[in-house]
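The two complexes that follow have chain A in common; it is paired with chain B in the first and with chain C in the second.
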Partner chain A sequence: MNHEIQDGIRIRARELLSLGEVGCVIGHERGPRGRVRPVFVHDAGDAGRLVWDQTCHHNLVVYLRDRAAPSRRGDAPLRAGIVARPCDVRALNVLIHEGQVARDQVFVIGVACPGMLAEEAEGAGGSLAEHCRRCKERVPLFYDALVGEPPPVDAVVDAWEDLAELEGSTPGERLAFWIREFDRCIRCYACRQACPGCYCFECLAEQVDPQWVSIAHRVPQKAFFHVMRAYHLAGRCAECHACDLACPMHIPLSLLNRKIAKEVKALFGYTAGADPTIPPPLATFRKDEELPL
Partner chain B sequence: MKVATRDALARWLDSVMVQRSVIAPRRVEGELLYRPVRSSDDIVFDFERTALSPKTYLLPDTQVVLEVEKRDRAVTLIEPELGREQVIFGIRPCDARALRVLDALLLGRTPADAYYAERREATTLVGLACPQLWDDCFCSSLGSGPDDGSAVDLMICEAESGYLLSANTEKGKVLLEQLEAEETEQACPASETAGARVAVRPPEEWRAVFDDGYWLRLAERCLSCHACTYVCPTCRCFDVRDDTIASGPGLARFRRLRAWDSCMAPAYRRIAGGHNPRPDKAQRLRNRYYCKFCYSPLDFDVVACVGCGRCIAACPVGIDITEMLGEVAALAEERS
Partner chain C sequence: MPDSFEPKIVGFLCNWCSYAGADMTGTSRIPYPSNIRIVRVPCSGRVDPLYVLKAFQEGADGVLVAGCHPGDCHYGDGNLYARRRYALMRSFLDFVGIDAGRLRVEWVSASEGNRFAQVVAELTEQVRQLGPWAGLREGQQEAA
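Presenting the complex of A and B:
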C-alpha cells in the first residue's frame, strides 16, 4: 500500500516537473541516517528521491507560505506541487481561506492516508499514532491527483478521550501539569515554525519593538507563548500534530489545541478546514449571530 | 586512580551536596536533563545523550545582571548575588570540550565575559566517559573521543571492577579527596570509537564555497526555528533587555536580563532603521555553520563544534550537520 503511494507520488512528480506544471514538488526523502525528512524536488530526474511511508509525518503545507503566496516584488509565484494527507489539506484549506496561499498556485498530490505510525513504534508492524487512530479521513478534502487506494475506515470514535484526564482535574492540577510541561520548553519555537497556521511575519512572543513578552526563558513567558499560540489557532488547527512532533523536548502541545478544537466544535459545529466553502468561524463576523455562551 | 562502587559514588555525591550545588543528569517528565539534584537517588548514572548540554549552568538561559530601584529621585543599582559553588556531575567529554570552546570565545579576549568567568570559576566538572559513540554523535571527528577526559577536573569511567576516578586539576583533587575509595593500578577501558567520521575543512576552503548554491538548497527545508542553536553546547549568543517589575506607588523597579538568543531568528541581525543583512533563512543557516567552522577558527583559533550530535537529533526536518560537512568537503574538492 505504501509502495503504491510512493510510486504514485514519483510518477506524478516526474510528470509535473517535466511538463513544467510546477517549479518544484515538496515531498519526503530518506535522509543519510534513514529517517524521512522534507525534500524539494526541482528536476524530473530527481523524482526518484521521493519516498512515502507511515513515518512521513511532516505537514509540508508549512512550506507553501513562502512559495505559493503572491510575491512582494509582484512577480508571479512559482507553482508548487505538494504531497498532502487529509489533515495537511485541511491546514491548506485554512490558509487558502485566509488568503495566505492561492489555490491555483498549488498542485495537491493527495495521499489516501492509512495513518502515521506512533513514534515509538516506527518500523515494521508498528501501531498507529494516537491522533491517527481516531481520524476518519482517508481521502483529502480536495486534491489535483490522488495516490493510493483509500484504506477502510476503522477509526475509533473521537470521544475526546485524550482530554478526559485534564478535564477531570481541578484548575490547580491542570496548572501544575502545564507548569511541569512548560518548565522544560526551551523557547525554540519549533512548534510554531512547524505549524502551517502560524505565519505571522513577526510573532508577538518575539517582537521587540514594542516588546510584549520578556526575553526570559522562564515558565511565565513560555506559558504565555503556548497559551497565546493555542488561542490563535482556535478553529484553525487541523490537528496534524506537527507541533508535538517538532518539539525537541516532547511537550504534548496539541492537548491545548485539541481542547480548543473541542470548544469550537461544540460552539460552532466546525472542524478546522473541513469544508471548502465555510471559512473559519473566528475569521467570520455575522451581525445576527448569537452564541450559546 | 581510585576505584569506587556505585554506592560509594552516591554517598560521596550526597556529601558534596552539603557544601555545593550538584548538577547531574536526571529524568524530568521523561526527558533526561542536567538539573540540580538534592539526593544521589535522583541521579541517572547510565545514560546515552541528554537532550540538552549543561551549558545553562555556565551561560544561563536567563540571567539577571542588574536591578534598578527608583524611589522618588533616588536611584539604586542592585547587583545580583553570586551563585554557589557548583559541581556538574556526569558531564560528557563533548560537553566539557564545548566549555573549552566557550572559554576561548568568551574569555579569550579583553574584556572577558565577567558573568561566564564567575560561573566557570565556581564550577568543578566531573566527567563521565561514554562507552561508545551514540546515534548521531561524531566527537571522534573533531579531535576528541567518547573517553576524552582532557576538559574536565575529574574523570570517571566505568570498568568491570567499578568506577575508576582520576583528578586532572586541583579542583578535581580537592573533590576526589572526599571520596572514600581504594587506589588502583587499573586503567580505563578504551571506549568504542566506531561511528561516523567526517572531515572538517580549513577556513580558507569555507570561504571559497560561500556563494555556492548549495546553501540555498540546504536551507529549503529549514523551518528557521531555534532548536539547533539552543541544544548546541557551543552556541552562546544572547540578548540583553530591561523588564519592568511590578512595584508600588513612588517606586519604580527594572531588571536587566540577558537571555539566550538565536541567530536563526529573522530579527536577530536586524539593525536600527530596519535593515537586515541576513533576511533569508539560507543566509542565517549558512552563517551558523560559518560561525562554527570558519569564523571561530579564524578569530579565536577554535572550531566551535564538538560533535555532540544534538542538532541532528533535535532538528524537526532532518538537517544533518555531518552531511553538510561532507558536502562542503566535496564542494571544496571540486573547486581545488
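Presenting the complex of A and C:
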C-alpha cells in the first residue's frame, strides 16, 4: 500500500516537472541515516528520490509560504507540487483562506492516508500514532491528484479521549502538570517552525517593543509563549501534530491545541480548514448567541 | 495563607460603558472593594487575551474584563468579538491551570453603578477563596 503511494508520487512528480507544470515538488526523501526528511525536487530526473511511508510525518505545507513569494521582483511565483495528507490539506486550506497561499500556486498530490506510525514503533511494523488512531479522515478535502487507495476507517470511540484525563483533574493538578511539562521546554521554537499556522512576520516571543515575554529561560515565560501560541492558533490548528513531533523535549503541545479545537467545535461548531466559506470563529460573531462567560 | 490576603485584581474597563459605570459607582458613593486596579481601554474588543495572561503573569490574582452590554457597543460590535474570544479564553486558561473563577467577563453599562460594585465585590470574594495566584507568575518559580 505504501509502495503504491510512493510510486504514485514519483510518477506524478516526474510528469509535473517534465511538463513544467510546477517548479518543484515538495516531498520526502530518505536521509543518510535512514530517516525520512523533507526534500525539494526541481528536476524530473530526481523524482526517484521521493519516498513515502508511514513515517513521513512532516507537514510539508509549512514550506509553501516561502515558495509563494517570487524569488525576484516581477517574476511569477513558483508553482509548487506538494505531497499532502488529509490533515496537511486542511492546514493548507487555512493558509489559502488567510491569503497566504493561492490555490492555483499549488498542485496537491493528495495521499489517501493510512495514518502515521507511532515514533517508538517506527520500522518495526508497529502501531499507529495515537492521533492517527483517532483520525477519521482518509482522503484529503481537495487534491489535484490522489495517490493510494483510501483505507477503511476504524470506529473512533471518543475523539477527545486524550483530553479526558486532564479535564477530569483539578485546576491545581493541571497547573502542576503544565509546569512540569513547560519546565522541559528549551525554547528552541521548533514547534513554531514546524507549524504551518505560525507565520507571523515577528513572533510575539521575539518582539522587543513591546516585549510581552522576555527571553528568560524560566517556566512563566515558557508557559506564556506556549499558551499564547496555542491561542493564536484557535480555530486555525488542523491538528497535524507537527508541533508534538518537532519538539525535542516531547512536550505534549498538541493537547493545548486540541483543547481549543474541542471548545471551538463545541461553542462555534467550527473545524479548522474544513470549510473556507465559513468565516473563522474569532473573526465573526452572531448577535444573539449565548456563550458561557 | 494568613487571613490578611488581599487579592489584586486588574480590571479592563471599556471607556464608554463600564468605566463610566465605575465612575457612577464612585459618584453615587457606593462602596466597593479597593482590590481592583482599573485600566481604561477603548473597548472590550481591544482587550487582547495577551493582556489578561500578562496580568496573571505580573502579579494579578484575578482579572475583570468589562464592556458595554451586547448590542450597546460604542463601536457597534467590539464586545461581540470579545464575547467569543473570552468564552474560549476562559475554558482554555482553566485547562492550563488558571482557575476560570479568576477571570470574569461582565457587561456593565454607564448607569449600572450598583452592578459594578456588586461585580467587583463578588469577584474579590471569589478570588479570596481561591487564594493567591502564584502558578505561572514571574519570580515565583525559583522560590517554590
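Just so it is clear, the second predicted complex is superposed on the first by the 269 of 293 C-alpha atoms of A that agree within 3 Å, B and C clash if a C-alpha of one lies under 4 Å from a C-alpha of the other, contacts with A are read in each partner's own complex, and residues count from 1 in each chain.
Just so it is clear, a residue touches a chain if its C-beta (ideal position, glycine included) is under 8 Å from a C-beta of that chain, and two chains touch if they have at least 3 such contacts.
Owing to the predicted nature of the structure, the values given are computational and were not obtained by experimental measurement.
J.: Looking at A:Leu166, would you say it contacts chain B, chain C, both, or neither? Reply first, second, both or neither.
T.: A:Leu166: touches chain C, not chain B.
J.: Now for A:Ala118: first (chain B), second (chain C), both, or neither, which partner does it touch?
T.: Touch partners of A:Ala118: none, neither chain B nor chain C.
J.: A:Ile278 in the overlay: touching chain B, chain C, both, or neither? Say first, second, both or neither.
T.: A:Ile278: touches no partner chain.
J.: For A:Ala102 in the superposed arrangement: first (chain B), second (chain C), both or neither?
T.: A:Ala102 sits against neither chain B nor chain C.
J.: Pick one for A:Leu146: touches chain B only (first), chain C only (second), both, or neither.
T.: neither
J.: Look at A:Glu202 in the shared chain and tell me whether it touches chain B only, chain C only, both, or neither; answer first, second, both or neither.
T.: first
J.: Quick check for you: in the superposed arrangement, does A:Arg218 touch first (chain B), second (chain C), both or neither?
T.: In the superposed model, A:Arg218 contacts both chain B and chain C.
J.: Given the touch rule stated above, what does A:Phe40 touch, chain B (first), chain C (second), both, or neither?
T.: Only chain B is touched by A:Phe40; chain C is not.
J.: With both complexes overlaid on chain A, does A:Ile186 touch chain B (first), chain C (second), both or neither?
T.: Only chain B; A:Ile186 stays clear of chain C.
J.: Taking the two structures together, which residues of chain A meet both chain B and chain C?
T.: In chain A, positions 218 sit in both the chain B and chain C interfaces.
J.: Flag every residue of chain B that touches chain A in the complex, lowest number first.
T.: Checking each residue of chain B against chain A gives 28-31, 33, 51-52, 61-62, 135-136, 217, 220-221, 223-227, 229-231, 239, 241, 243, 257, 259-262, 265-267, 312-314, 316-320, 322-323.
J.: Going by the contact rule set out above, which residues of chain C touch chain A in the complex?
T.: These residues of chain C touch chain A: 49-50, 53-54, 57, 70-71, 77, 80-81, 83-100, 105-106, 135-138, 140-142.
J.: List the residues on chain A that touch chain B in their complex, please.
T.: 31-33, 35-40, 58, 62-63, 180-181, 183-184, 186-190, 192-194, 202, 206, 208, 211, 214-218, 245-246, 248-250
J.: Chain C touches which residues of chain A in the complex?
T.: 166-167, 171-179, 204, 212, 218-220, 223-224, 227-228, 230-231, 234, 256, 259-260, 263-264, 267-268, 281-285, 287, 289, 291-293
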